[in-house]
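Note that the chains take the letters A, B, C and D in the order they are written out, and that residue 1 is the start of every chain.
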């Protein structure tokens, strides 16, 4: 049942998908393995871009754009700023005990195997991919849904962001000593 | 007018007392407790006139919980006991000065409120709420206004609190299980549930744990003596006079009718446990050095007999148990008050340091002696009526139960008279003992009057409680 | 307009997401640097987002994308607060190794 | 009318009690004494009226006041039954009661709490009347326990002395042991016949077919245990001698004439029950005989004048039970009445002696009081002759009838009873010789103050002595007024009317000779040879055992009291703490689990996550892969 891409007769889309997936996984790994946090951050940016590529591939342009703005733009800048603020480099990283690494690898393998086994075992019924032909993911449609059906959560998201902003300011404010 | 009136009076009284300030608090509390007593007497009249004084309001729809108060004879009798004892208890505390008196008296009224609620509740969850609610005031009363070393007191009181709370949780579990079966917490619906013998056994046991700790039945009594000793006398009176009657009352109202098969099956074991309590409590009481502890163990012995009477599942047993509950409530309040009267003058509860009071205070001696004699169930006191009935019912089950339970007559006389001898008689004490004040005398006189009157003429109470007990027995014997 | 999944297959997206998610978990366990741990969490979040979008397309339904949108908003807030916390921790103890954060020890 | 009479009868003493309790102190000693005496005297007058009514009509009067206790299958009224038996008892209870009240006015005049004394005495009379006239067993029980209470109060009247208080406590508790027996007996009877009412019970038993006799016997035995407690029979007799701690009028009224006969009253009242339980009757007879002998032997060597009389009382009560055991109820009742006369007289006389000697009770310090106290001497002499069974005094007739009955049923018991009688004669005259003859052995100061008591003391003595002399006339052998009077009470046909034949006369002769022999030995030993009992340290051998009352008190202490006390200590020190520790242990276990569990919380996020992942894997695989 599982649709295995036939590389010999791969379509363009398939090639792009494989390429993007490869980049995503590799950069994700590199993010974790690079000793220098700055490098990690840069790999992560690449990873995010590739994920944005997946979004484009799935024809959800709006999300791709938002993703790039939020993740690659805002979040990663925050990361970078923080790293630089703390002046982190590879020397500061403490050498970890072997048992930790072992544990990490074990859990990685375990959860990977379990999840994949579950997926395979659950015998997904993947029929024909239907296409209603309707427009379901243009910005217009999304905007309507967002401000119609999801009006209240949308407002709450703004409140959440506001609160997060205030919280951040409060947290990063230097406490006045001896007061 | 229905039974909720008395609850409202007590609750308002509690708040009014709290806001009336330290100076007025005791008087306001007395006023409201008297109002509650008056209200309960009016209710009794209405009930006897055939008026329906029960109340059912739906409260929460999911799960189906009602605000149901059932004013039948049994409940009313217990309410009357509470309503009559509360003013006496409050009045008896007039000789003491309490810090933060407004809180103290408000808690007393609040406790009375919760206990009356427990006696009236006809809905499992409402009953449970009142049951637990009664625990909170006594916890604070004992903790804040108690006596003795603060650390030890805290230990004893916390032990009591957690112990009883833990027992009650089993009861809550039983109620939830019953709700699953009945779809309602209303007592009539719970009576109707058909349970298998095994289910009944577990439910019976769950109830038993809650009640055995509250009553207390041995071996669940370890909290009792310490808390009685550490609590202020008012707290001890509330605990022994009314609160442990909650447990006994609940046995009759909830445990037996809901799980009748188990009650019948294991009757002998529980009667034996009650009687073991009688003998054990009496024997331990013999060698107590602290007056309040001695009274605590005597209380253990008496409630053991009451519990044994309840578990006989006969009309006599239940009736005797209720009569004895009421009688014991009055006697034990009187006895603890006597201990308090002595403490006010001697500043001690050690029996060894007393003695020779009789020459200094003949009036007090007479009243104390009457209470002691009532406690050992001398005929013509109310306690005799109850004890005789209970023992008679036990003799119908098995003559040995009556003989062993009857040892309370001998052992009770032994430890009480021994105590009386060492506390009151002997060479005149070097410390002066002023005779009872008017306040104290009125409290004693009220208690003694009740005991003697019903000793000769218990018919009003018997007539009041018998119909409801017959109803309960019908439920027990329905299958 | 045809469904893109006709050519790729939803299962590939699932595999990709699972792998990404596991990488995230691995990162959290493997690294001691709190910032990298944060990054790993972001990877995990993105893995889920990706799956949302994939299934949104699969079902031809915009709801999935709306969820991704909200999830991004939450992630942004979370990162902002989290990094602020990290900064103040760094300010206090001069390190952001999670090995040093053992104040919750029982 | 009858109801009113009964109520006056009962309530007058109660009224006297209340007046004395509340106003006694302010009224003054003489007035409070007078109130007490008049209250009882009124009851006596009412009793006489009732007696007249009953002798003329021959029928008992039943008075029902109200329902008292409701029990499913029996309804207990608070009601009175005034029939031949109860009225007879009333007569001597209130009659002797009035005399003793009169006596006490003088005797207790020096006591600061005299009003209380009279209050208690009145309360006692109230309860005693209730006991006697109750129409069912439970009303009897009110009186039964009530008189026990009064006995407690009066024994411990001088409450500053803890020994007296101990004696009082002992009396109350021993009585309560008996009371438990009585209660159990009531339970059995109640469940068998669904009634505790005498009249109903009598008809129920008479009409019952196939009675459960063993159960009925058990009930009778339990009732008898009750009687043992109240009437001081073995094994519950030890309280009575100790009860002499109370003031002497109390000993006379409660512990000789009235309360201790309550057991005999109860057995007589329930004769229809005991008649069916023949085994129990034998037990009663044997216990009665043994008690009478044991008490008599102890009485031989006692030196306290009141103790001698106390053991004599126990012994005489034993004789009465001997008669009861043979179903000779009227004989027992006869002896109760004569005994009440002469024993009350003896006690009051001894009280007069003690009063004269300012509290001295030891006979070794008496002697030669004959001249100083002639009235006391003569009245006591008459009573001693009566108790010793010297012909034509009251005791002669009653005791002789008991021995006669015993002879007809069981020779061994007759022998035991006769020996006890001989001993009685001996120790009574030992008492007389030591107290009234020879030289005075007390201190000079006492000798100086020796005087006859006042008229309030001597008048009751004289009246009682007259009664002790002529009391026997109510039941002369062969022509018994008493037997006829009591006949309606008993189911048994009076077929055993003794014909006065040779056997009877021989036995009478033997009894008289025995009595005279006892007197003679006492005369030789204590008058001729002028012996005085040794002081305590020099008593040896058998007399030491007797002097120490066979060590029964010590045995009871060791067997019952000490184990209960040590058990109490054991419970208090070990079981209580153990249980408490068990409860705290539960808390400690929880604490320990928490303490151990706390170590799992290392604070290491890596470990948490690792475990979290493992858990996630486990749960997910369980959910998806387990099927």
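By our rule, contacts are C-beta pairs under 8 Å (C-beta built on N, C-alpha and C of every residue); 3 or more make two chains touch, one makes a residue touch a chain.
Remember, predicted model here, so these are calculated numbers, not experimental data.
By number of C-beta pairs in contact, A-C leads over the other of A-C and A-D. Put simply, the C-alpha centre of subunit A and that of subunit C have 5 angstrom between them. Separating the CA-averaged centres of subunit A and subunit D is a span of 101 Å.
Between subunit A and subunit B, the centres computed from C-alpha atoms are 67 Å apart. Chain centres here are Cα means. That of subunit B falls 62 Å from that of subunit C. Listed for subunit A are residues 100, 103-104, 107, 111, 115, each touching two or more other chains. Touching of two or more other chains is recorded for no residue of subunit B. Residues of subunit D in contact with at least two other chains: 606, 609-610, 613. By the document's touch criterion, interfaces exist between A-C, A-D, B-D, C-D. Against subunit D, in their complex, subunit C makes its touches with residues 25, 28-29, 32, 98-99, 101-106.
Residues 2-3, 5, 11, 13-14, 17, 21, 24-25, 28-29, 31-32, 37, 40-41, 44, 47-48, 51, 54-55, 57-60, 62-63, 66-67, 70-71, 74-75, 78-79, 82-83, 85-86, 88, 92-94, 96, 100-101, 103-105, 107-108, 111-112, 115-116, 119, 124, 126, 129-134, 136-137, 141-142, 145-146, 149-150, 153, 157, 160-161, 163-165, 167-169, 171-172, 174 of subunit A touch subunit C in their complex. Residues 597-606, 609-610, 613 of subunit D touch subunit C in their complex. Put simply, subunit D touches subunit A in their complex at residues 606, 609-610, 613-614, 616-617, 620-621, 624-625. On the side of subunit A, the complex with subunit D involves touching residues 100, 103-104, 107, 110-111, 114-115, 117-118, 121-122.
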